[in-house]
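The structure is given below, and queries will be raised subsequently.
To keep things simple, chains are lettered A, B and C as they appear, and every chain counts its residues starting from 1.
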Amino acid sequence: MSDSIRDRLKPAEDTPEVHHAEHPAGDPVVSTHHAYHPDLRNDPKRAKRAEIAVSALFLLAVVGVIGFVVTYIAAPFNFGTANYQTFTPLLGIFMTLALTGIGSGAVLWAKTLMVDEETVQERHHLASDPKDRAETVEILKEGFEESGLPRRSLLRNSILLGAGSLAVLPVPLLFGLGRFQHKEAVLSKTGWKAGSRLLDELGRPVKLGDLEVGGVKSVFPDVPGGRRMADSAALLIRMLPEDLHTSPSRKDWVQEGHIVYSVICTHLGCPVKLYEQQTHHLFCPCHQSTFDAANEAKVLFGPAARNLPQLAISVDADGYFVAQGDFTEPVGPSFWERKPSYSDKVGA
Amino acid sequence: MTSTRSRISGYAVVVLALALVGGLYTAFAAPKPKADTGTNQSIAVKEGRQLYLQGCSTCHGLSNQGGAGGPSLIGVGASAVVFQVESGRMPLASAAAQAPRKAVKYDRTQIDQLAAYVQSLGGGPTLPSGPLDDGNLALGGDLFRTNCSSCHNFAGAGGALTRAKYAPALKPADARVIWAAMQSGPENMPRFSDNQLTPDEKKAITTYVRFITNQNKDPGGAALGHYGPIPEGLVVFLVGIGVLIIVTLWIGARA
Amino acid sequence: MATLVEKGASGAATWVDDRLGSSNFIKRSLNKVFPDHWSFMLGEIALYSFIVLLLSGTYLTLFFEGSSREVIYNGAYTPLKGIPMSAAYESTLRISFEVRGGLFMRQIHHWAALLFMAAIVVHLMRVFFTGAFRKPRELNWLIGVGLLVLGIVEGFAGYSLPDDLLSGTGLRIAYSIALSVPVLGTWVSFLVFGGEYPGGSIIERLYPIHILLVPGIILALITFHMMLIWYQKHTQFAGPGRTENNVVGSKIYPAYAAKAGGFFFLVFAVMAALGGLAQINPIWLYGPYDPSQVSAGSQPDWYVGFLDGSTRLMPNWELRTLGHTFSPNVLIPTQVLPGVLFGLLALYPFIEAKLTGDRAYHNLLDRPRDKPVRTGLGVMSITFYLILLVAGGNDIIASIFHLSINEITYTLRAALFIVPPLAYLATKRLCISLQQADVHLLHHGVESGTIRRLPSGEFVEETVPLPSQYSVLLATTPERKELIAHAHTEDSEPKAVAAKPRGFFRPRGGVVEPPPDHKELERTVD
């Protein structure tokens, strides 16, 4: 029992002592004669078997490469042609075959045929000799003294200021990345203006009666490129007029149960276009903010803090929907310069 | 007052249940209606009414006024019937947040008869005749991404709505069901009238949906459910890291 | 043949050595010893993924056009014919449908990116739980944390470049996050994007950042990371003959090099298999970016998922006062939280050293169970992270299992604060139990399966001594020595077990029975 415990807890006593080496990265190594795998040098039969296995794996790589090349040249590839969808998987299979052959062959080779003995190498001490360290510090100090910097305060201060001012150099260049503009003004404006018709995604104006109750339509301002304007996308919703609750100040913003909201989420700007026609919920697919379309897009759930801005609409002489003007508050996410007074208007 | 009404409706349920049993017997005993009966509209309406009384009136009411379980069907149109019945949602098995897809209970002729009957009640949207999915694929894609993908996902794999509701996956839906869904706006789905999305545009959307859900052959290998980056992340850990850890164990193992 | 090769090799070596005097260095390098343990290869996965990223990425640059110039599509993928899109998206379609093998390379590139990040995280866990970050390796820990953060930035830039619907949705969120920064927000976001979103130049700007700037820094840091490993020598687990002052393992040449080289090809093979067989980022289905479109279940790649999750769980706090809008609902989950998380991660080695007062060199690794507090903290952090990650996919979970997304969100909000502390306590307790089990094993050996009947009629199971590999693991670290040395003394419990725990955390049964030959044991250990 005591022998076995000594065996179990055998410390590094069979490790030959090797003292500090000259070259940090090249400390001498000593074998412990514990092999990682049986030495096949004296077992030609098993060695031969191992060699065959390793070679077979290496040759598998050739098969993979041939398959890859043949696939690349000959397999159907053009979209829509028969079996074109097998092209990429075939490339993958053959490349995997080739790489697995080489990779596992190399590992198997190392694990069977190469001599692989456990080896001990001493670590060098990382910290320098205290004497060297002191000398280095001394040299640094001396050099600093010799430069005259500690004594000449004008020099010291001017070099600090001069070198520090260099940090300003890139700043004007950074400002070249964008135009100078009044951020709040830019962010408050969208493509909508008074009299602008509500166009659908194909550029056709939307008429009263196009939507049935429970219908929704993505609408865009009637300006060039209106559909691609990132701040102007809006959603026209039709519900039963009695379901729609608006504050008195917004009574004229809706038309016979039709109401328009900005779809740009007031949280992080995703298009809020999931509309549940029975619950009147508008739901953002990015972070699940939920708005009540029947109640001025009030926030019901999720991280958004503000209602979706509402666009006032009316109907022109030809029966087409038109905007009464731009949104009365900036659409989309919050920003520092956004005046709290915008949101005070809600429900006023 | 309320209790009287509920007692009456209780009796009504019993009576209806009896009627249903009898009706089912008749349905099974009677020979299957021939396919050409649908050509004669009035016969179809009559047959549809029989089917309605047997299978639907329990919830929707004997005179379509709506009832304990179901809404009125006056004015919902043939499209609503096609969507609900042809996708197996109706008849409903049990009350749920949302009617799930089930095995279809009626054959195509019966569905057309039911649809003709409901259509006769108060009009409403109907499916056009002719092919429904030979439209413009690229236009359909654009319209799909504008109107549909926000709920049904970019590949029609479906998505979550609020409070356990969901937009279903579109793969099982055929062109008729897709079309009927757009027209009728079932449950929480918005309604897309023909003024809003013209039949040509609906055809384009149907074509695109059928393409991405049925004819699409994913050129990049397994589609991972078309759910986007989440299954991709799972695969990289379970397959990528998983396999490679096994490899490291092999490399590190001592013989 | 053999002599010809030998001649050639020696000739080349002579030629090089005449000019560089490199033989001495090469000789020393080839003799270098690396300890081997499977978990030491996790970092290699990240390294090899990065090499594959460089190779596949370079190939993609030959075809990709990093431009937001609008074009009308007229390529091979008919379902998008006639649709306006950016040149970046069009060229990505071209790579996918018109360049032979282009889709394969795209998919390998994307899978390699996911694998790169996954391997970094798994490697980080290994380093953390074994205490490999301790002196003298704190610098390399910092470099590693830097690589993790840069990897996230690089990955996000790559995710954004194809300018598909998912890219654009992600970019819009990034812009909005920048916008929420107090005072500077509008300036930062306008300068980065070149104006109000979309600004028209973000693709052009991200492209050089993605293919030159960030990968350049990553490459430099990886090089430095490897040089430090080389110079400081790898840590090792305790074992026969292994001390703080040596390295026991294989010499780098030839066997270790063959294994590592082979492993590179096997890692590459996994990426090739995924790239060929598992479709990733099907941009043709997402469609080109259009600010009015969105897909249900829009998600970032997994390594950004935890931030998406924190954003989803955050309540809608916003302050509107004094003429300004301040958005904790955006700032806390997207900026404060990652700042704190990565800050704590970077500083952890210093915090631990400060709290434990441990200033010693450590070349022998800890077994996680020997450091119940650290291991507990690690599991606690992983739990916290996982809850955020799950929250990032709450809509997919709700959609697949038809659950209420609202309930999932409420549950995860609560779980974020309740579960991690429980995970900490459970882990700590488990570590202590495992320590006790070790001590028990050491003293009693392994159960043999042989039942013996004692004269008294009692049945006992015979035990056999541990296999040597096992037992040495039990005794070589300082904690272990202490644990065993103190195991038999009635009055002082082993420090590693009893220093902190109270009550439930006190070792069951107080002290472990002294082994019959504990004097022998003590002598051997000391």
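Here is the rule we use: a residue touches a chain if its C-beta (ideal position, glycine included) is under 8 Å from a C-beta of that chain, and two chains touch if they have at least 3 such contacts.
Bear in mind the structure is a predicted one, so any value in this text is a computation, not a measurement.
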Report summary line: The pair out of A-B and A-C sharing more C-beta contacts is A-C
Query raised in the report: Which chain has its C-alpha centre closest to the mean of all protein C-alpha atoms shown?
Result: A
Query - Distance between chain centroids, defined by C-alpha means - chain B, chain C (Å) - result: 44
Requested in this report: Take the average of all CA coordinates in chain A, do the same for chain B, and state the distance between these two points in whole angstrom.
Outcome: 36
Report summary line: Chain-centre distance (mean CA atoms) for chain A and chain C, in whole Å, is 16
**Report entry** Residues of chain A whose C-beta touches two or more other chains
**Finding:** 36, 79, 88-89, 92, 107, 111, 201, 218, 271, 273-274, 285, 288, 301
Requested in this report: Indicate the residues of chain B shared as contacts by at least two other chains.
Outcome: 142, 146, 150-151, 159, 161-162, 167, 218-221, 251
Query - chain C residues counted as touching two or more neighbouring chains - result: 36, 78, 97, 103, 107, 259, 262-263, 266-267, 270, 274, 276-277, 290, 292-298, 394-395, 405-406
Requested in this report: Can you check the complex and tell me which residues of chain A touch chain B?
Outcome: 36-38, 79, 84-85, 87-89, 92, 107, 111-112, 200-202, 206-207, 209-218, 271, 273-279, 281, 283, 285, 288, 290, 301
Report summary line: The residues of chain A that touch chain C in their complex are 1-2, 4-12, 14-15, 23-26, 28-29, 32, 36, 72, 77-80, 88-93, 95-96, 99-100, 102-111, 114-123, 126, 174-175, 177-179, 181, 183-184, 186-187, 201, 218, 220, 227-231, 233, 263, 267-271, 273-274, 285-289, 299, 301-306, 332-340, 343
Query raised in the report: In the complex of these two chains, what residues of chain C are touching chain B?
Result: 36-39, 41-42, 45, 78-83, 96-97, 103, 107, 110-111, 114-115, 118-119, 122, 165-166, 259, 262-263, 266-267, 270-271, 274, 276-282, 285-287, 290, 292-302, 305, 392-396, 398-400, 402-407
Query - In the complex with chain A, residue positions of chain B that touch it - result: 142-143, 146-147, 150-151, 159, 161-162, 165, 167, 185, 187-193, 195-196, 201, 217-221, 250-251, 254-255
Query raised in the report: Which chain B residues qualify as touching chain C in the complex?
Result: 137-138, 140-142, 145-146, 149-155, 157-164, 166-167, 208, 211-212, 216, 218-224, 226-230, 232-233, 235-237, 239-241, 243-245, 247-249, 251-253
